[in-house]
Amino acid sequence: MDKLTIVTTGGTIDKIYFDDKSSFQIGAPQIGQILRALGVAFEFDVVALMRKDSLHLDAADRALIRQTVSEQPARHILVTHGTDTMVETARELQGIAGKVIVLTGSLNPALFQGSDAVFNVGTAVGAVQSLPDGVYIAMNGRIWDPARVRKNVDANRFERAT
Amino acid sequence: MDKLTIVTTGGTIDKIYFDDKSSFQIGAPQIGQILRALGVAFEFDVVALMRKDSLHLDAADRALIRQTVSEQPARHILVTHGTDTMVETARELQGIAGKVIVLTGSLNPALFQGSDAVFNVGTAVGAVQSLPDGVYIAMNGRIWDPARVRKNVDANRFERAT
Amino acid sequence: MDKLTIVTTGGTIDKIYFDDKSSFQIGAPQIGQILRALGVAFEFDVVALMRKDSLHLDAADRALIRQTVSEQPARHILVTHGTDTMVETARELQGIAGKVIVLTGSLNPALFQGSDAVFNVGTAVGAVQSLPDGVYIAMNGRIWDPARVRKNVDANRFERAT
Amino acid sequence: MDKLTIVTTGGTIDKIYFDDKSSFQIGAPQIGQILRALGVAFEFDVVALMRKDSLHLDAADRALIRQTVSEQPARHILVTHGTDTMVETARELQGIAGKVIVLTGSLNPALFQGSDAVFNVGTAVGAVQSLPDGVYIAMNGRIWDPARVRKNVDANRFERAT
């Protein structure tokens, strides 16, 4: 892996909390700071594409994500994304030639203690440099084929789709 | 201080995040777990009175908080509370004889990395056993007289009211 | 409290870990960063006096700590200190007129998850502005009279000395 | 990946701090708790083999690690290990047929804020299920061939060996 390009689209991983509004909002991408603080031994750049809850992504957003990923010169691409429609976006990204594309995100904001964000980013980073070309989802410690995974909203976890 | 009684009313300190609803809600009181994990050298009990954002507290809620505090046998009382109307509730609690009452809370949920919750609880605990009878607010590292403090919503901090 | 002066002497609170040496050392004082990150509503300055494990403090070190505290213009003084001989230093500091002096530290390094450092600093800050002139120890959530407290090394906590 | 077997050998990842001894020691393996807390969607078991600083591992220890790994029924094996001699042990593990073996550990104890432990475990978990049979090291966000990596002790990081 010569270089990793990270395309960020928003989602829970980037949620921050504002006390004066008693609400959360999607802030700047966390992933660049996470990787820099950890001192990773690869080059990366961050394309901060959008800051959306994935429930609010529409067809035009997904077309833009696909176009953006396609145009990156790097072969290894990591996409951070909200979990609710991560599977749908992953399916939209299939068929881009010559790229290993891994989508990840988190069920808890990266800024929460005990968040799954750092672990999930680690899983995605380990997978992206180990897999053949294709599109994958890295959540709950598994590398999933987008055609055979779903988010179980009640259990708040990803599982094999039957 | 023979024993500390903690009355919890909700607020940001107890906010947790639900990914499947993409929202924050007020969960179970954090303060008991915090104090137990720290191994404090005093006895305490937690009266989990309500789980409300302090913007939603009304006169009946404040009357209930006052009554509950008044009826506790302990002399030392700590009240956890949302920050937006903490000052108002503190003023309502004045005039209860024979008690040191300290209100605290946090500007960031206790479960957030870098939250002010643990520090604020520490400040309140240090103050409650050191002060004469009365009502006080412990926020931003200061012990405030409720008659001379306000929350500056824009700056998201407590400051002296002029 | 117009201003808080913090004198740091080392101890576990400031311990950091070096993997290449497989050992810990006492690093730069943590307390200034902690208070700045929390956005406390009081002015403070940090006098970084020494970086010692408190088992290695001798009579000359304690004389220097006493002299340094005495010479500070501020009335409110917080001293961070290793826990093993915190009581001994506190007793050496008695009799300095016109000052509220609170010693604190931590049983776990401030950089450890779940460390008692932030809570202890909070307790000390709440106490220093609430107490009359004198010398106090803030550990395990209690404000102790140095004449009647000891560290129980086996239980790794402070307790009333009988 | 039907099941992941984790063999723990000690190292910085499992270091804990004892205030009463003012020292770090290697405690119980952290990795099981980390994976359980994260709710990973795969089965795993933990073989707590030894608790050693990797500088203290000798030929007999490495033979035992090799034998233990060989005898596990699972195909996917993760080994946690101190960083100083991780490369040496990885080379000793080569040639075990029918297994994907990934070694990881951390430069900072898992219990430290900002530790690389959770990220490294994530990287190892992402890699172990994505790679063909063989032995690999997951450190600093990279999947390394043990024949072409070294720990740079001064820079405290893993890098390509020339």
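By written order: A, B, C and D. Residues from 1 in each chain.
As a working rule, a residue touches a chain if its C-beta (ideal position, glycine included) is under 8 Å from a C-beta of that chain, and two chains touch if they have at least 3 such contacts.
Only a predicted model underlies this, so the values are computations on that prediction, with no experimental measurement involved.
**Q** Which neighbours does chain B have in common with chain D?
**A** Where chain B and chain D share a partner, that partner set is A, C.
**Q** Going by C-alpha centroids, which chain is farthest from chain B? Tell me that one.
**A** D
**Q** Taking the mean of the CA coordinates per chain, how far is chain A from chain C in Å?
**A** Taking the average C-alpha coordinate of chain A and of chain C, the gap between them is 44 Å.
**Q** Determine the centre-to-centre distance between chain C and chain D, using the mean Cα coordinates as centres, and give it in whole Å.
**A** 37
**Q** So how far apart, in whole Å, are chain A and chain D when each is placed at the average of its C-alpha atoms?
**A** Here the centre of chain D sits 26 Å away from the centre of chain A.
**Q** At least two partner chains per residue is the criterion; list those residues in chain C.
**A** In chain C, the residues touching two or more other chains are 113-114.
**Q** Classify the chain contact graph as line, ring, star, complete or other.
**A** The chain contacts form a single closed ring, each chain touching exactly two others.
**Q** Can you name every pair of chains that touch?
**A** A-B, A-D, B-C, C-D
**Q** Given the complex with chain D, which residues does chain C contribute to the contact?
**A** Contact set of chain C toward chain D: 12, 15, 17-20, 22-24, 53, 55, 83-84, 107-109, 111-114, 153-154, 156.
**Q** Quick check on the complex: what are the chain D residues that touch chain A?
**A** On the chain D side, the touching residues are 1, 34-35, 37-42, 114, 116, 118-131, 138-143, 157-159.
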